[in-house]
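Take a look at the structure set out below.
As written, the chain order gives the labels A, B, C, D and E, with residue 1 at the start of each chain.
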Amino acid sequence: MNKIMKKRSIKAGLPPGSLIYTGEKKSEAIQIKLFNYDVDRFEEKVIDLNDVSLLHPKESTVYWINVEGIHDVNTIEKLGGCFGIHPLVLEDILNTGQRPKIENYDGYTYIVVKMLFYDNKLSEFTTEQESFILGENYVISFSERKVEIYNTVREGIRQGVGRIRKMGTDYLIYNLLDVIVDNYFVVLEELSEKIEDTEDELVSNPSKDTLQVIHKLKKQMLYLHKSVWPLREVVSFLTRSETPLVKESVDIYIRDLYDHVIQVMDTTETLRDILSSMLDMYLSSVSNKMNEIMKVLTIISTVFIPLSFIVGLYGMNLSNMPEYNWPWMYPVVWVIMISIATSMLIFFKKKKWW
Amino acid sequence: MNKIMKKRSIKAGLPPGSLIYTGEKKSEAIQIKLFNYDVDRFEEKVIDLNDVSLLHPKESTVYWINVEGIHDVNTIEKLGGCFGIHPLVLEDILNTGQRPKIENYDGYTYIVVKMLFYDNKLSEFTTEQESFILGENYVISFSERKVEIYNTVREGIRQGVGRIRKMGTDYLIYNLLDVIVDNYFVVLEELSEKIEDTEDELVSNPSKDTLQVIHKLKKQMLYLHKSVWPLREVVSFLTRSETPLVKESVDIYIRDLYDHVIQVMDTTETLRDILSSMLDMYLSSVSNKMNEIMKVLTIISTVFIPLSFIVGLYGMNLSNMPEYNWPWMYPVVWVIMISIATSMLIFFKKKKWW
Amino acid sequence: MNKIMKKRSIKAGLPPGSLIYTGEKKSEAIQIKLFNYDVDRFEEKVIDLNDVSLLHPKESTVYWINVEGIHDVNTIEKLGGCFGIHPLVLEDILNTGQRPKIENYDGYTYIVVKMLFYDNKLSEFTTEQESFILGENYVISFSERKVEIYNTVREGIRQGVGRIRKMGTDYLIYNLLDVIVDNYFVVLEELSEKIEDTEDELVSNPSKDTLQVIHKLKKQMLYLHKSVWPLREVVSFLTRSETPLVKESVDIYIRDLYDHVIQVMDTTETLRDILSSMLDMYLSSVSNKMNEIMKVLTIISTVFIPLSFIVGLYGMNLSNMPEYNWPWMYPVVWVIMISIATSMLIFFKKKKWW
Amino acid sequence: MNKIMKKRSIKAGLPPGSLIYTGEKKSEAIQIKLFNYDVDRFEEKVIDLNDVSLLHPKESTVYWINVEGIHDVNTIEKLGGCFGIHPLVLEDILNTGQRPKIENYDGYTYIVVKMLFYDNKLSEFTTEQESFILGENYVISFSERKVEIYNTVREGIRQGVGRIRKMGTDYLIYNLLDVIVDNYFVVLEELSEKIEDTEDELVSNPSKDTLQVIHKLKKQMLYLHKSVWPLREVVSFLTRSETPLVKESVDIYIRDLYDHVIQVMDTTETLRDILSSMLDMYLSSVSNKMNEIMKVLTIISTVFIPLSFIVGLYGMNLSNMPEYNWPWMYPVVWVIMISIATSMLIFFKKKKWW
Amino acid sequence: MNKIMKKRSIKAGLPPGSLIYTGEKKSEAIQIKLFNYDVDRFEEKVIDLNDVSLLHPKESTVYWINVEGIHDVNTIEKLGGCFGIHPLVLEDILNTGQRPKIENYDGYTYIVVKMLFYDNKLSEFTTEQESFILGENYVISFSERKVEIYNTVREGIRQGVGRIRKMGTDYLIYNLLDVIVDNYFVVLEELSEKIEDTEDELVSNPSKDTLQVIHKLKKQMLYLHKSVWPLREVVSFLTRSETPLVKESVDIYIRDLYDHVIQVMDTTETLRDILSSMLDMYLSSVSNKMNEIMKVLTIISTVFIPLSFIVGLYGMNLSNMPEYNWPWMYPVVWVIMISIATSMLIFFKKKKWW
C-alpha cells in the first residue's frame, strides 16, 4: 500500500553525499542494458558490471544505458564514477522519496520523475522513482524495477521506425518521458472510471464503504497531484533555452509533452473537485435516507400513542365510570380511534411529511 | 452523457505523431467545403478529396476550408500533407480530448477550442473539439460534426454584409471564434435559468432530486470552467504582437472577443459560488424541515406519555387502592390529565418549541 | 429582482458591431443635456437630437454631454457618429451586461462601470451600467435612466464651487466616478447594517427566514464583488501614465479614488467572510436549539417509560400474584415509582443532560 | 462595540476635499503638544491654536507636533494650512475609516495606520486611526484620543536615552510606528489566551456560549487582518529607496519593524486557522454529546417497550386465556421479562452501543 | 506544551535594541565551545567568558563558536560586542519568538531558523530557535539548549571525514542547516505515522478522543507550516548571488538543501489535506454509527407499539365487548399480532432499513 511518506529518517545524521538506498529491499540482480545506435547501425547488449569502464561513449552515436533496479549501491556508485556524476546526484537517485525535479550539472542534466503503476486488485496506483542522466551523447535511466512501458521505445530503436534513430539523446529523453506521461492518462482513466462507478453507487445505494472509497480516492488524488505538479516545471525547463543539451528541433516535441502534462494536471484537479462534491453528496444522501426512515417510524408511533391512551383509559378500574355501562360504548371507542388515526394521517399527508 | 475524461489510453504505447481518431465513431462521410473570396468575388464549392491537391491557395484571396467530420484519418492526413501541417498538429486535431490552446508553427498558427452544444432534454451541454489552422491566406476549420452556428459567418461571406469580404484570414478566424464564444453565453443562460429554477425549488420544496440536480450542475460548471479557462490564454495570444498572421487592424476585435471570454469566465465563477451556497441552503432546508416534523411528533408523544401513565395507574388490580371507591375519582382523573396536557403545551409554546 | 445574468443570447448570431439594446424596455424619451463651461462662463441646455451635429466641441471649453436613457438605438448611433466612436464601443454601451473596463481608442478613452441603486423595500441593490467617453475636451456619459447622484456634480458646475470649473475633462470624469464610488459606500452601509441585524437575530431567535436572508446577502455580495473587482483595474489605468487624456495634476485625485475602490473591495471581502461565518453559526444555532428540545422531550419520555411498565405490571390478570393481596402494596408501588423517577432525574442532572 | 463599517455615507454627495470628521463625537478639547529637540537641547510645550502660525519649523532641530483629538475640524484645517498640507490629506485624516496607507506628497509623506486598544471587559479590541505627516524636520501625529503607549517615546526624548535625540524625523517616525506594532503583539497575546481558554472549554464542556465566543473571535481576527495586511505595504514603502525623507541609516530599523509586522500577520493567520478548526471541533463535540444522551435514553426506552407489551398482554380481559389459571405463570412472566431485558442489554453492549 | 504564541509583551514599551531573553527560564550555565580548524589542524575547547575577547578570528582557519543556552543576556551581549554585532540582531537572538529569516549586515549574515524536537510521550513536537552569525571565517551558532543533532557535524570536524575540513564557513553553515532540515523529516515521519494510526482507528472504531487527536495534529501541522514556509526563503537567499559570504562551490549543496526544504513543505501540505479529509471521515463515521443504532432501536419500538395498542384494547373494561366471549379470540389475537410484527419487519427489510 502507499505510505504517506517514504522512509527517510535512516539518512538523518549522515554527512551529505552518503549513498543509501531508501526504497523497498529486493533480491533480484540489477540489470544494465546498453542500446547504442545511430541512423545506420544498432547494438543492444547486457552490460557486465566489470565492463562498466568500457562504457565511455564515443561522440557520434547515441548511448542509452537502461538500469533496472537500483537497490545495489555499489553498482550505482561504480556507474556514477564512470560518467563523473556528482555524489549528491547519486544520493538523490538512490533516495526514492524525491520530488520530481530537473537540474543542470557540468556536462549533463539530472532529471527525476515519478512513474505510476495501477494495481487493479487494490484499485490504487503505486509510484516509483525514475531518474535520468542526460549527457551530450548518452542517456542513463535508473528504474526501481523492470519497466514494461519502455518496450515501445526499445522496439522503435530496434526496428528504426519513427525518427528515433535519426535524432539525438534529446529526442530519446523526450520519448522516455512521453511514455511515462502517457501512462499517467491510463491511471487517470482507471481512477475516473472508479469515480464514476462510485458516483452511481452514491445515487442508488450509499453505504458505509462508499465513504471509505471516496476517502481513498481523495488520497490517491493527493498523491497524484504531488507527482504531477512539479513535473510541469521539469518539462517546461527541458527546452533549448534552459539547457544546451536539447536542440531546437526537439522543442516542438517538448511543447507537446508539456501540453500533456497540463492536461494531466487539469484532469487531476477536476477529479478532486468532483470527489469533494461527492463527499457532500454522500453526507446528504445518508442523512436523507436516515431522515426518511426516522420520519416513517416516528409517524407510526405518533399515530398509535393517542390510541394507546384511549384503550388505557377504559382499562381503568375506577368505580363510577359511566361509559362502562353504555351498551354502544365499544363501537363508539372504535369510531373515535379510527377518526383520530385517519385525521392525523391526513394532516401529516397534507403537510407533505410522507 | 458527458464522461469525466475522453478516452485516451488507446494511444498509449504508440510513437509520437501517430494519427488516431479518439472521438465517437461516426458513419456519415466527411464533408469539406471551400469558401474562396475577396472584396469583389465569391466562390463556394464542395471539395472532392482527390482535388485536394488543387487547393494550394493563391496569394490574393481568402480561402476557408471548412471540414465537417474528422473521423476519417486518411482524409485528414491527405489534407494535412497538402498544407504542410506538422504530424503532431494532425495528431492533436484527431485527438478530441485536447485542452484549448494556440501554437505558432512555421507558416501557420494552430488553434484548438471547445464548442458547446446544449441539450435541452438532458439539461446539460456536451463539448466538441474545434481546430483551426490559420495561414497567410487560408483558414482550415476542423469540426467533429455539422456546425450550424457557423451559418451566420457563411451568410456574411455569401452576401458580403459587414466587413468580412473586405478583410483577411485574421478577421475570418475572429468571426469564427466570436460565434463560438457567443454560443457560450447561450449555454450559460440555459444553465443560469436552470439554477434559478432550482433555487426556487429549494425554498419551496426541497426534494432528493434537488440535491442531484445541484450536483449535476456543479459538475457542468467544472467542465465549463475547464473549457473556458485556457480559452482566455488562446484569445490573449491571438494579437498582432504574438503572431504575425494577425494584422493590427484586427486587434481591436480580438480585444472585444477577449472581453467576452472574461465575461464568460466571470459568470462561470459566479454560478459556481451560487451553487456552493445552494448546497448549504439545501442541507439546511432539509434538516430544518426534518427538525420541524420530528419536533411536532415528539411533542405529541411527550404530551401523551404521562397521560398513559395515569390511566395505567388506575388499571392496576391491587387491593386497597382507595381511589377505586371514591365516587368522583373518574372526573378528577380527567381534570388532572387535561391540566397536565395543557400545562405542557403552554410550557412548550412559551419556549417557542412550536 | 437581480437576475444572475443579463440576457445576451438575443445578440448571438449577429455580426460584430450590431447595435442592440439589451437592457429593460423603457418608454420615456431619452434626454440629452449639454453642460458647456470654462472658468468664466457656463451654459446648460437640453439638446435636440437634430442639433446633435452642432455638438462638435471647440477647443477651449469643457463639454459634458449627459445622456440619460440608452434604449433608443438610433439616437445613440447618431451621437456616436458625430464623435467618431467605434461601432464596437457603441455596441458595448448598448449591451448592459458589460464587465467594468477601460479602453483607449484613437482620440478618446472608453470607460464602463456599474452604478448601484439600493432598494430599501427589497433590501437589495440593483446594478445599472454607466458608460463614459472621455475625449480631449468633452465627456459623454451614458446612463440607463435619470441619475440623481450626479446632482452634486451638476450643482458644482452651475455654481462654480470647488475646482471643477477651473479644470478639464479629466477632473470632470474623476468627479463622476467619485460620486459613483461614494454611492457604493452607501450601499455597503445598508448591507452591513442588514448583516448586523441578521447577526443579532441569529443569536436571539434563528428562524427559517434567517437562512434565506443569509443566502440572499451572500448572493448580493457576489454581485457586488463582480462589480467592484474589475473597477480597481479601471481606476488604476486612469492615470497620466496610461492615457494622455489625464493630466498629471489630476493623478493625485485618481489615487484618492483608487483608495476608495480598495476600501470598497476590502469591506466587501470582510462582509463575505462574516456571512460565511454566520451560516456556520446559523447551522449550529438551529441544531443546538433542536437538540435542546429533543433532549427535554426524550428525558420526559424516558422517565415515564419504566413507571408505565410498573403500572402495567400490576394491571395483569394472572392468578397467584401475591402482591395483589398485600394491603400496603399500593403505597409501596408509589414509593418505588417516585424513587425511580427521582433517581433518574438526579442521574441525568449529574451528567449535565439538562 | 466594533461596527463592521465606519459610517461614511454622511460624506456622500460632498465635493472632494470637504473636511468632515466621521469618528465618534467627543467633547473634550483637542490638545496639541510640541516636542522640539536635537542632541543638545529639548523643549516641550502645549501649543495655543493661535500660535499655530509660529510653528514653522527651523532647519536644524526635530519638531514633533503631537495632536491628540481630531474632532475639531477648524483646528485641523488651520494646522494643515500652516504646513501646506493638501486638502485630500486633511480629509483622510478626519475620515477615521481609512485603510492603512502611505503616500508621498510634495515635501512630506502621509502615513495612516490603525492603533489597537484591547478592552479587557468586553474581551475585544477597538481600532482607532493614527495619521502621521512626515516632513524634512517635523513629524505631525494625529490621534483620535490621548495615546498612552507613546509615553515611552516621550520619555526617551525628555531624558535623551537611546538614539532618539541624536537622529532625525525618520527615526522618530520609526519609533512611533514601533510602539504601535509592539502594541499589536499585546492584543494578539490577549486574543490567543482567550482562544486557548476557549479551546479547553471546548474539550471539557462545550456550551452555546462557546459558539458565540468563537464567532466573535473570528470576527476580531477579520478586523485584525484588515488592519495588519495593508500595514505591511506601508512599512515596506518606508525605506530610503521609496521616500527621500528616510535616511539610509534608519533602513535597518525599518527592516526590523517590517519583520515585526510579518510576525503579526503570521500569528493572525495561525489564529484564524485554529479558530476554523475549533468551530469544527465544537460542532463535533456538541453532536457527540447529544448522540451520547440520545443513545442512552433510547436504549432505556427500547428495553422497556417489549416488557410493557408483555404486561399489557396479561392485562387483557379475554376469556379462555389459559395462562390466567396456571399457578406458576406470574414468576414465569418475571423470568421471561428479565431474560429479554438482559439479553437486549448484552446485545447492545456487544455492539458497543454504550 | 506548545503555546500558540511565545510571550512577547514583556518587551512592549522598551526602546528598540533592548536585550531581553523571552524564552523559558533555565538555571544551567551557558556553554560556549570553540571549534577551530582547517585542512591540516583541528582544535576544540570550551571558552571562558573572560577569554571572549581573545576570540578575534584570524584569516586562514574556520572558527565555529557553538553557544548552547542563551538565557544569560550579559554573556550574549559581551560576545556580540566582540564580533561587532548590531544590537537589533542580538535582540532577535534573545527573542525566541522570531520567524525564520536571513539578513545581510556589514561583514556578516544573520540567520534564524526553527529546530524541532519530537516528544514521544506527548506525541507532539516543540520548536526552539536557532540563530547563526555567518562571518568571513567564523560561524557563531546560538541554541536554546544542548543540541545533540549537531554531533555528526562535530564528529565530522574532529575526524576530518567528508569535505568539511577542506572547505570554509559557507560549507559549515550548510552542514548545520542540513542536519536541522534532516531532523524535520524525522518529525514528519513520526507525525505521518501517528496520522496513519489515527486513520486506521477512524475506520475501525472512531471515538471521542480520535477527534481531539485530529485537532491536535492539525495544530501541529499549522506550527510546522509556520516554521517551514519562511525557511524556504532563507535557504533560497543563501546562495552566491545574494550574499558574498557563500562561494560558488557551495551553491550546489545549497540547492540540494533547498530541495529538501521543498520536500518538507510538500509533505506538510499533503498531511494537512489528509487531516482535513480525515475530519470529514470522522464526522461521517460517527454519524453513520449513530444512525445505525437509532435505526435499530426505533425499529424495535415501532414494531411493538401497535402490539401494545392491541393488548391495551382488550384490557378495556367496557361492557358489551363481544370479543370477550368468543372462545378462540385469544389465539386470534396472537395470530394478528405476529402477522403485524412480521409484515412490518418484512416491509422494513425490503426497504433496506436494516
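The rule is simple: a residue touches a chain if its C-beta (ideal position, glycine included) is under 8 Å from a C-beta of that chain, and two chains touch if they have at least 3 such contacts.
Note that the coordinates shown come from a computational prediction; the quantities given were computed from them, not determined experimentally.
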item: Set of chains adjacent to chain A and to chain E; value: none
item: Fitting chain C to chain E on CA atoms, where both chains share a sequence, rotation angle to nearest 5 degrees; value: 145
item: Chain B and chain E: spacing of chain centres that average the CA atoms, whole Å; value: 42
item: Approximate Å spacing (C-alpha centroids) for the pair chain D, chain E; value: 26
item: Overlap residues in chain D, where contacts from two or more other chains coincide; value: 283, 287, 294, 298, 301, 305, 308, 312, 315-317, 321
item: Pairwise touch network: line, ring, star, complete, or other; value: ring
item: Ring topology as an ordered chain list, initiated at chain D and continued via chain E; value: D, E, A, B, C
item: Partner chain C, residues of chain D touching it in the complex; value: 3-5, 7-9, 11-17, 86, 88, 92, 97-99, 101, 103, 105, 205, 208, 211-212, 215, 218-219, 222-223, 226, 279, 282-283, 286-287, 290, 293-294, 297-298, 300-301, 304-305, 307-308, 311-312, 314-317, 321, 323-330, 333
item: Complex contacts: residues of chain D adjacent to chain E; value: 149, 151-152, 156, 161-162, 164, 174-175, 178-179, 182-183, 185-186, 188-189, 192, 195-196, 203, 252-253, 255-256, 259, 262-263, 266-267, 270-271, 273-274, 277-278, 280-281, 283-285, 287-288, 291, 294-295, 298-299, 301-302, 305-306, 308-309, 312-313, 315-322, 351-353
